[in-house]
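Handing you this structure, nothing more for now.
Just so it is clear, A, B, C and D label the chains in written order, and each chain counts residues from 1 on its own.
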Amino acid sequence: DACVRHGLSPEMIYRHSRHLLLPSFGVQGQANLSKSSILVVGAGGLGSPALLYLAACGVGRLGIVDHDIVELNNLHRQIIHTEAYIGQPKVTSAAAACRAINSTVQIVEHKEALRTSNALEIVNEYPLYDIVIDATDNLPSRYMISDCCVVSGKPLVSGAALGLEGQLTVYNHNGGPCYRCLFPTPPPTSACQRCSDSGVLGVVPGVIGCLQALEAIKIASVVGEPLSGRMLLFDALSARIRVVKIRARSLQCEICGENTSFTQQLFRDFDYENFTESPLSASPLKLNL
Amino acid sequence: DACVRHGLSPEMIYRHSRHLLLPSFGVQGQANLSKSSILVVGAGGLGSPALLYLAACGVGRLGIVDHDIVELNNLHRQIIHTEAYIGQPKVTSAAAACRAINSTVQIVEHKEALRTSNALEIVNEYPLYDIVIDATDNLPSRYMISDCCVVSGKPLVSGAALGLEGQLTVYNHNGGPCYRCLFPTPPPTSACQRCSDSGVLGVVPGVIGCLQALEAIKIASVVGEPLSGRMLLFDALSARIRVVKIRARSLQCEICGENTSFTQQLFRDFDYENFTESPLSASPLKLNL
Amino acid sequence: MQLTLEFGGGLELLCQSVKIHNVDVVLQAGETKLTMRVLLSWIRTNVIKERPEMFMKGDSVRPGVLVLVNDCDWELSGQLDTTLEEKDVVVFISTLHGG
Amino acid sequence: MQLTLEFGGGLELLCQSVKIHNVDVVLQAGETKLTMRVLLSWIRTNVIKERPEMFMKGDSVRPGVLVLVNDCDWELSGQLDTTLEEKDVVVFISTLHGG
């Protein structure tokens, strides 16, 4: 029957029966999901729900990149980690949680910071990923991951949250823009706030991280209209959400445009910290109450 | 200082430092949260993320009501449960997950179905709850929980998800309507679909459950504008979200209106299964592929 | 009159699983304005392809269906007597119970 | 001209933490239409209360700010040359990097 033909085991059929029942998703959608592989960069506030839902939904392979250690002050929003994992690598903790939910998914642990020196290898060599999720918390990483996805030809599901607001879009997919098409010039460093400096209501990255998992699932299963060329803006305080239309790919974009000279080699040599004038790692928290 | 005055321990200050840094939330918001108690009815697709984020954010007391057992075909969307808990009560599993994230929250386990015979006691007697979250999956429960909240004077954060769509609103709060103001007459039974019959994409209740936690946090911390008199409509396939304006409390409402004769005693005697012509418990899944 | 009709929460299944319908409603001789009452009857004839009893009951929508005119509950604009204008967006959505 | 201005992603901090501003922009003598170029200068004078360099750079917005006219990126409508109409909604939102 259809399930056998699509390589779904009896356990997968039972486990994902509520997906298979969906006329607009069905056996084909689940089979596509089970063959897809997704890389989540960052196992923090956004990565926590994204990883849990991606493991639960039955993607084939799920990669996790992070170099951080679980701390108590992460736990108010990073729901994939438990008190028992404080002091251990976030990747170890997140991988254990994903395996506990779904032992049939291949979980790949990348216990290192994503850098120009390893990004192309992680994304493109074994294990190869089809889709990248940006769940990081800093500006140089956002430029680096977008550029890496452009030179690797991968769609990028990008989420961000700060304070009581969140943003979500899909870059480098279906003729949509890359991060640099929207933001060719980095903002002044004085305009860059991080969760570690400015605070964030924990459930706000929760909402955005779930929506990142949804967009990755839609791309991987080839179902629905991904949020490409559109951006979701979320204001938690007023419970207002708007989805706006953004520009298409820019022909003049230095990275993805028609006359780009950007290559994998230039990517390896690019200094993202210098370009954005901000560090790849978060500075320590200073709390003055 | 402010933290001590508001009864926040040094551990709570460190754990929730990203909340305390938020100017519009701050010490007062966290102190309000830590004194609040929230009841989540249903530890399934909606309840999973709602419970995890409520435990993580540091509410004072978190109650969980459910009579169900964890099954393998829940795990595609009910991310609070792990394979190790298959066969055990959902409340046991969910409570363990909440405690693992935050051992400082008081978790109360109600391992029973919410019924007219126990609902008033669970909501109003010790432990007393301030806010109720409807994370159930059937129509008679939705009427019963709304009526229970009206006669108990509690705000109700109501979420629903089916297929690739979700809905969210706050009932019985700030002059907003109750469920019966919107739906005085139950729909015909032929119009009632459940996840167990019709399927649901797992991350859709994930998004709605996170938003339910957010609305409960806003009400408990007295921060922001809760989604009362408004309803959020979510279409996952097209990534469209609209927030619409709904009617205010109806003066003619049989339950919350001006001339209501509905009482706690009438609630106890009301037959919700007969009223809605549908059962409180989900029927077993029939999967024909 | 150009209107956008949207069906959700399962009601799209009654109109060939199409959620958004851009329609042009022509007023009948003798009609001077388009009310929701008239629109519902027009939809029943022109849009709903099966099980009309899942959409309407009497001359209104069946219980459990929310009607929104330009993102506002039609209870706030006069329900069946709501008068529609050019380019209005009318949403019919069935309440969900799942979780 | 009645406009709704919205500031988000932290830009509201430049205008006393108020996100939504309903404003009435009066055209100067000699002006026949309101462009985004003119509106930005009007906002800088009338709405931004502190650190204008966090909002503008030259005669446009600073890098990292998205501008939306009626929920559409202003790149699609001519950027600074976009002509505004009565009741338009203009959103200025700073891109977020946190997670």
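Going forward, contacts are C-beta pairs under 8 Å (C-beta built on N, C-alpha and C of every residue); 3 or more make two chains touch, one makes a residue touch a chain.
The chain list, named the UniProt way, goes like this: C, D = Ubiquitin-related modifier 1 homolog.
What you are looking at is a predicted structure, and each value in this text was computed from that prediction instead of being measured.
Chemist: If you average the Cα atoms per chain, which one ends up farthest from chain B?
Modeler: D
Chemist: For this structure, which two chains have more C-beta pairs in contact than any other pair?
Modeler: Among the chain pairs, A-B has the highest number of C-beta contacts.
Chemist: So what's the Cα centroid distance for chain A and chain B, whole Å?
Modeler: 28
Chemist: Averaging over Cα atoms per chain, report the distance between chain A and chain C in Å.
Modeler: Whole-Å distance between the two chain centres: 39.
Chemist: Would you mind pulling out the distance in Å between where the CA atoms of chain C average out and where those of chain D do?
Modeler: Computed value for the inter-centroid distance: 37 Å.
Chemist: Which chain A residues reach two or more other chains?
Modeler: 163, 195, 198, 200, 238, 243
Chemist: Do you know which chain C residues sit against two or more other chains?
Modeler: Within chain C, no residue touches at least two other chains.
Chemist: Looking at which chains touch, is this a line, ring, star, complete or other?
Modeler: Shape = line; chains linked end to end, path left open.
Chemist: Would you please name all pairs of chains that touch?
Modeler: All chain pairs meeting the touch criterion are A-B, A-D, B-C.
Chemist: Note which residues of chain B are touching chain C in the complex, please.
Modeler: Answer in residue numbers: 42, 44-47, 135-139, 142, 159-163, 165-167, 182-188, 190-195, 198, 200, 205, 231, 233, 235, 238, 242-247.
Chemist: Provide the residue numbers of chain C that touch chain B in the complex, in ascending order.
Modeler: My answer: residues 8-10, 19, 53-54, 62-66, 68, 71-73, 75-76, 91, 93-99.
Chemist: Enumerate the contact residues on chain A facing chain B in the complex.
Modeler: These residues of chain A touch chain B: 1-3, 11, 13-22, 24-25, 27, 49, 52-53, 56-58, 72-73, 75-79, 81-84, 100-103, 163-164, 195-204, 206-207, 210-211, 213-215, 217-218, 223-227, 230, 232, 236-241, 243, 285, 287, 289.
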